[in-house]
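First subunit A sits with subunit B, and in the next complex the same chain sits with subunit C.
Moving on to the complex of A and B:
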């Protein structure tokens, strides 16, 4: 027996000792996922409702949950346009009968709502279950997802006010989805033989050899939107042009303020911009409001820790317990000093 | 055409917040259809909200208000179980009233 096969044999014995179920085709590389690991990961719900956990939830239960967790972004009736496009609207009783959203055929909808677009109910269940609420995804129990979805369907007048949605009747409700017949798979995004989105054919004769500039911005308008070089992202090949004299100038940018990193790491930038309102107010707006308020620092530290709402509109700020006391204090100090970027 | 309003009223003990989503075309009377003819104006002109029969909000709506308007307001007082009723009248004389119990 050669030295090599002896080693191989020893390897097999070790693998066998480590676990009888181990896949021997890649010895020493990882291990098979345990059934409970697979279960935690495998949460998708398919259009035929395979993977849907049993449970039920009523419209009334959904209202309570909706007011507590969904209203801040989606509005009480799923109508809000403030943060995301509306969830509800644009569908009619006729659409529920035919399964095609008439507004698409007539092309008279100013905006597309979720219920106008989505053909499969499983997608809504799955998405709410895995991604909602925004600040605490996967925190809803299956029954809660059923309840929230029942309320959403009620807002779209797909189910009545006294409806209870469950794994038993969800397939019946699927037959009332307004856009259930509106989905096509006969295109290149789905089928390789389908018609592609774009089609490019190499030029074979009489091809242009030179690029001609079709239009350009006149000089006086070049800085209409500030210095484009400062605004474009710095990755990739394309850079914005220097459109205002003296600004930026090509000198190396000064190092960013240490609080900038801390701010991004702590997740603040998900909802707050430095100078622009996103979900929450901008840092500079906060600094402006509390400019002359001596107690602002400690007050704001408390607000960040415990969360709050109402001061800057309806969107609620969730409690930020994961940020350490020292970091919170440093961030508030930076914000109140006007959030210098470097 | 004009479906029921969706109304939500919630009291925090001292004041009640009312949210209303109306369902109405709110035609301005300025829009033209495909053949170039004016689409006649059809919009809500008056809106009244009452709390247990007492008027808490009276508003005049015009063509500048959007389709399916959303309205939110607060009034002092109101307790759980009270009734909030909202009615509108449009320029064609159509009326609609919907009522909700304060939560």
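Moving on to the complex of A and C:
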């Protein structure tokens, strides 16, 4: 039987087994989901742990997995601020007792880490399971999710070093979440009939006697968003302000280097920043490393195609075989030339 | 300012089109008398003839341009049209330093240059949590499960056979204007308010699909929407709302959704912050409790002065902003100006917009342009003659519930300054006598 008719047949079987819904008002539209289909997609875990698959993982197992799969972006201790805000930090033993993160009340937290915010442990299990590692979502087994979560909780001193997290004890651990009592739904912005909390009246005449300037943009920040002249129309009642030198005289902004687009299209930018390390080294660091290496160009083309690890660390680059030879060559040339942005 | 200059067309040219950087600095410094000389030399350059000729009139009229004297380009040269090359300034842009990686970032719509209420699809703001994909629609499925008589699966073919509706709605990220809670942080309306767009969406009401699956109306209280991307973004929506005006949409402004906006299927949750409008929608689950997903238990929670976080804040309350003149722009001239802007409310229609040019002392009511639709952007305009003295421009919207957009002082008195989300305060733009407009907060 041809592959095609096999597929057709499989399709018919599903349709026949399913039949049309008895009281559907749209005969012929849609079909019942099979139990395996629902199982494949219905992966959510609720705060009452409905949906949580059975399994377990220890802090020790978590450390190992974390080093291999999470450290590159979140740091060995979940503290990294490089790819995302820190996952860990800012919570205390007292918070674990009270369920209210004190830093919010003392207002002494420079940043809000994940553990300072999240009230519900299910949230972390559900999210890591569906979305992490960021570059390979849904690749962890349930036991691996338990393990990395156990390690994360240990970093927050919520569980001890010899702890094994499982579906059996997760509800107990929930009772130690530092911000578990920190949420409120008492506000008017969820319910369809919710009432606003802030009130103004539409005064029309002599509403104020004095106008105080509260805040304005510091001069040094005026060009932080590029040349505003290039971000406005060239006709009409207004023009954009010239906020940086050079691009004056109506010249268009310099076009971005074509490799900028190519790098994004080819998926490199998920793991490499031009100047910042993500999972892989920054492109500028690569250029630095191979500055005096004449054979680097052809060598790196080969390495990108084949993927690999060990040169920069433990993290691996998957084979980039989906990128054409010409594109890979162009990218490497550009990287070795210091990745100019235009 | 040359008040009595004769005006063959428009005398005052775009500074950046004709002037050197030095001269532009002069404009910023408020020295405008050079404009006449600039015009003369510019017309010499263009026409390549004498000053006398320029005095005859506008070289744009006197010297026929190439487009009037040559054959133009053929039809269908660009099978999918693109904006004029002269519009290249208006594009989506990221705010430097706001996020760390482009796959989980934001690009802002250039509100400073848009007209009317519809955002061109290519300029719709973007927010992705794990990058975007261009999904093969033939392989896309929507599943509905949970508290329904029968869990069902729909292909795009199925969904697009159903009775569809088309509705115009705004979408605003809950974090729009979030950088400005504590103080002024960004220069232009693109970055202060540009996580805002408005489109005509076409799709099937979610209520139709829930009925098709036989929703258990006794037990069902909430639905969960889930995306098909790597992040499989999930958000809880109350059943009241799900049955009210939520759409499962494939159309946007007459064509299919753009990939960055969820092609081929997204949820449209009118009046509610953008994060709930799940893109690449693959599943709806019906349940009896909220899910507290990552983007409703770690993010999109509003930090209050007492240290609690408000969870499930969803409604985008009434808000407005003047888009021209706005921060980072320069008025070319004194005299007549049309102040224009956008107003919207997640609770219904905009009823009225008032505009102040004196920092909120006195207000005049602006014209609302039609259509004025529920949970859609509404365009307002008001005439103004600028006398060249400094001014502070503000707009204040009121919606059909009678709610009036608050001042910063009122908003902060209740919610403090540490939240990221749901900043709907009145925006102030300071106009200097040089014509430069900048972002300020006044009390």
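Here is the rule we go by: the second predicted complex is superposed on the first by the 183 of 342 C-alpha atoms of A that agree within 3 Å, B and C clash if a C-alpha of one lies under 4 Å from a C-alpha of the other, contacts with A are read in each partner's own complex, and residues count from 1 in each chain.
Throughout what follows, a contact is a pair of C-beta atoms (placed from the backbone, for glycine too) under 8 Å apart; a residue touches a chain by one contact, two chains touch by 3 or more.
Nothing here was measured: the structure is a model prediction, and the numbers come from that model.
*Asks:* Contact-wise, after the overlay, does A:75 reach subunit B, subunit C, both or neither (first, second, both, neither)?
*Replies:* Touch status of A:75: first partner only.
*Asks:* Is A:322 in contact with subunit B, with subunit C, with both, or with neither (first, second, both, neither)?
*Replies:* Neither partner.
*Asks:* Count the residues of subunit A touched by subunit B and by subunit C, then name the partner with the higher count.
*Replies:* The larger set of subunit A residues in touch belongs to C.
*Asks:* Looking at A:67, would you say it contacts subunit B, subunit C, both, or neither? Reply first, second, both or neither.
*Replies:* first
*Asks:* What is the contact status of A:294 with respect to subunit B (first) and subunit C (second): first, second, both, or neither?
*Replies:* Once the two structures are laid over each other on A, A:294 reaches no partner at all.
*Asks:* Just to be sure I read the superposition right, which of the two partners does A:89 touch: subunit B = first, subunit C = second, or both, or neither?
*Replies:* first
*Asks:* Could you look at A:222 and tell me whether it touches subunit B, subunit C, both or neither (first, second, both, neither)?
*Replies:* Second partner only, subunit C.
*Asks:* If you look only at subunit A, which of its residues touch subunit C in the complex?
*Replies:* Spelled out, the residues of subunit A in touch with subunit C are 21, 23-26, 28-33, 37-38, 41-44, 46-48, 50, 82-84, 100-101, 104-105, 107, 112, 114, 117-120, 122-124, 126-127, 130-131, 134, 137-138, 179, 182-192, 194, 196-208, 211-217, 221-222, 224-226, 228-243, 245-246, 248-250, 252-253, 264, 269-270, 273, 276, 278.
*Asks:* Touching residues of subunit B toward subunit A in the complex: what are they?
*Replies:* 3, 6, 8, 10, 19, 21, 68, 70
*Asks:* For the complex, give me every residue of subunit A touching subunit B.
*Replies:* Against subunit B, the touching part of subunit A is residues 67, 75-77, 79, 89, 155, 157.
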